[in-house]
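These notes open a run of structures that come right after.
Each of the next two complexes has chain A plus one more chain, namely chain B in the first and chain C in the second.
Up next, the complex of A and B:
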């Protein structure tokens, strides 16, 4: 793990990031594990529950692949990439607090059969860092984050 | 669109008490006015939270009462709802009210404090976001995002039937129901409003209108919104919406935790023995009741003290106390745990 931290937010530069949404992706032998980045955890508030579509379900990028609950708010979790849900992290589902202890290692789902054009659009390294901290500033301007 | 559309649907079926606001929220478009809706269910039913398992309910009791169960797309636990409650919702297109979710919810809920005052409830919003009178929660609220809209929902409880509300929840023994009922009786709507629902509706409309700087008007439901409501009539009445929704909830975790209000919890096993129930009130264990030879007895030594004695008592009885402690810590129930230890 190689963490770049500015202020209250950090990003692991060894992971991959979609250009939309507050997720990270980590390649596995057959697909990508998906988790929330530190910004995603902050803007969602204290998460208490998750639910996802079943293993084997095909999802399209941007469409809901699950729902989350934080402080009685329920909203969709959008798929960061298209593909087939191949695994759910039951441990994280049972204990959402794990996400806060180790956000860049605690995954939510694994997605396989991700289209190549979506893979090539993922960001990593310096490009991911720049994109991440631009989003931090954007969220600040929107009033989603404390100044 | 400018203005605050106010629609009082009056008394509706249990299904419509949910499908109306789900449909309005789902159908919201960027030009849809911010909407304040009111309704009461004509008959009791159980509302199950978006992420809760149907295994958390006492189906035998629910069926013997002849009432239905409807899953709602906002958070929180399973709740008993009846005609003594006035539901309200603030519905808006996504993105109209920007900011941190908790801030948006507080912004849209805070104007209702004036409405509670109008019916004799000196309510405030506490640090956890609950609308309370003293330690008593007087509003069950939630929020959610459905398709093009978001909704913040709440209720005015004119009378809360704590014993029935406790009885619809899955428990291992009637002793646990009694403890839940006692907690609900103390911490949910134990202070009753003295005014009328009409006063609440009028005051809420005025207060929300002022807070959002929108002129209120009596509005109607558009044709497309009615179609959306009818779609939710179908969705919410389908058995699979409760039993196997699109996003299946996790099974209940042992030991089970019921949140009565923020800071007030009951912990008990849904299965196995011995049967016990441990209550936590604002960071401290208040009671540990254990069933011995069919008789419920309070373990008085732990009453009112930090949780560690209770955990030790459970451990001494062969109960996996570490699991209890972990579950309580997971919901932040133990308060000043580290400093107390």
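Up next, the complex of A and C:
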């Protein structure tokens, strides 16, 4: 893991990031593990409950693949890439606090059969870092981040 | 969508805040912490929120042991770890909180300090009130702990700049009050039906008409008739009844008790509005032998107008400076994934359509 931290927020530069949403992706032998980045764990308040579509479900990029619930918020979890949901991390889903202990290693779902053009559009390295901290500023402007 | 996991919320401590006890430290509600940017987060629906709720903090917590309360003495866990209305209440240094409230004063609509039953509660509430009043002019209520008070102390609150008093009666009959609050495992800590009403009367005399409110909870074993009786009694006294929906606190003695059905809740909300704003009297309602509301006598169109107005289904809370909703407690008695029990904003047309379905007025209205 190689973290770039500014203020209270950090990004792991060894992972891949979609241009929309607060997720990270990590390649596996057959697909991509998906988790929340540190902003995804912060902007909705303390997360308490998840529900995902079942294993084997095909999802399109941007469409809901689940829902999340926090203290004062409920909303969809959008698929960061298209593909087929091939695994769920039951341990993390049953105990969301695990996500906060190690956000960049605690995955939520695995997606396979991801189209190549969507993979090539994922951000890495400096581009990912810049995009991440731009989003921090955007959320600050929205007033959803703690001072 | 196929849901695969369904677990009850388990909230983790977001941030270690080293702190102490009131008056130097105070807890604030999760929504207040978000509104004041002590915590990150947002609401599912976009609405302005400026009702800030404070809660006294002591190492030994609240001396009361109410069956339904997250802060109850015999509920497992330390006071530090206990949730209240099912969410965390972060601990903040009082002076830091007051400065932040002053910084965001334009967005604030109503402040409220909730006392707990503690020998230090009056002294500390007064001190916190004074610190707030030195820097913030937003209207300030106190949700009082009657066993800690007398008339002189209530006058002290008024002199310090408090404009409204709330009394958490919660259980609406003497029998239920005793069962849930007086005759309890850890002892009643001075909570008695008579003492609560004595504080209601003293507060009404000191603070004036419509400057006092009583919290009334739906779902503690009362009948619909019991609730309407209390609405009439309080309206006659020119005291507001604020309606709350029982929401089981995990591990409390009522942790496994059911909430009221949405239909019962909606009908009570409507009946309360009809009593308080439209002068409906005992003769305008029918109850069955068990005290359940089975009929509203009146013109259907008039009752439906009250439904369509939407106000009946909004949060009952102390108003802001200009009479607008001040304390709106979003998601206070329901999870964000559940229906709004009380709306922290005016329900929109979609909300009202759902409310009409939930009310299921059907044969309930008996036109005369």
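Here, the second predicted complex is superposed on the first by the 145 of 147 C-alpha atoms of A that agree within 3 Å, B and C clash if a C-alpha of one lies under 4 Å from a C-alpha of the other, contacts with A are read in each partner's own complex, and residues count from 1 in each chain.
What we mean here is this: contacts are C-beta pairs under 8 Å (C-beta built on N, C-alpha and C of every residue); 3 or more make two chains touch, one makes a residue touch a chain.
Owing to the predicted nature of the structure, the values given are computational and were not obtained by experimental measurement.
By the document's definition of touching, of the two partners only chain C reaches A:100; chain B does not.
In the superposed pair of complexes, A:132 makes contact with neither chain B nor chain C.
By the touch criterion defined above, A:75 lies against chain B and chain C together after alignment on the C-alpha atoms of chain A. Once the two structures are overlaid, the count of chain A residues touched is higher for C than for its counterpart among chain B and chain C.
In the overlay built on the shared chain, the residue A:144 is in contact with chain B and with chain C. Of the two partner chains placed by the overlay, neither chain B nor chain C lies in contact with A:36. When the shared chain is aligned, no partner comes close enough to touch A:16: not chain B, not chain C.
The residues of chain A shared by its contacts with chain B and with chain C are 43-45, 48-54, 64, 66-67, 69-75, 90, 93-95, 97, 142-145.
Residues of chain B touching chain A in their complex: 49-51, 73-76, 98-103, 105, 129, 141-145, 245-250, 253, 330-331. Residue ranges on chain A touching chain B, taken from their complex, read 43-45, 48-54, 64, 66-67, 69-76, 90, 93-95, 97, 142-145. The touching residues of chain C, when paired with chain A in their complex, are 1-12, 14, 30-31, 34, 37-44, 87-88, 330-331, 335-337. By the touch rule above, chain A contacts chain C in their complex via residues 42-46, 48-55, 57, 64, 66-67, 69-75, 88, 90, 93-97, 100, 142-147.
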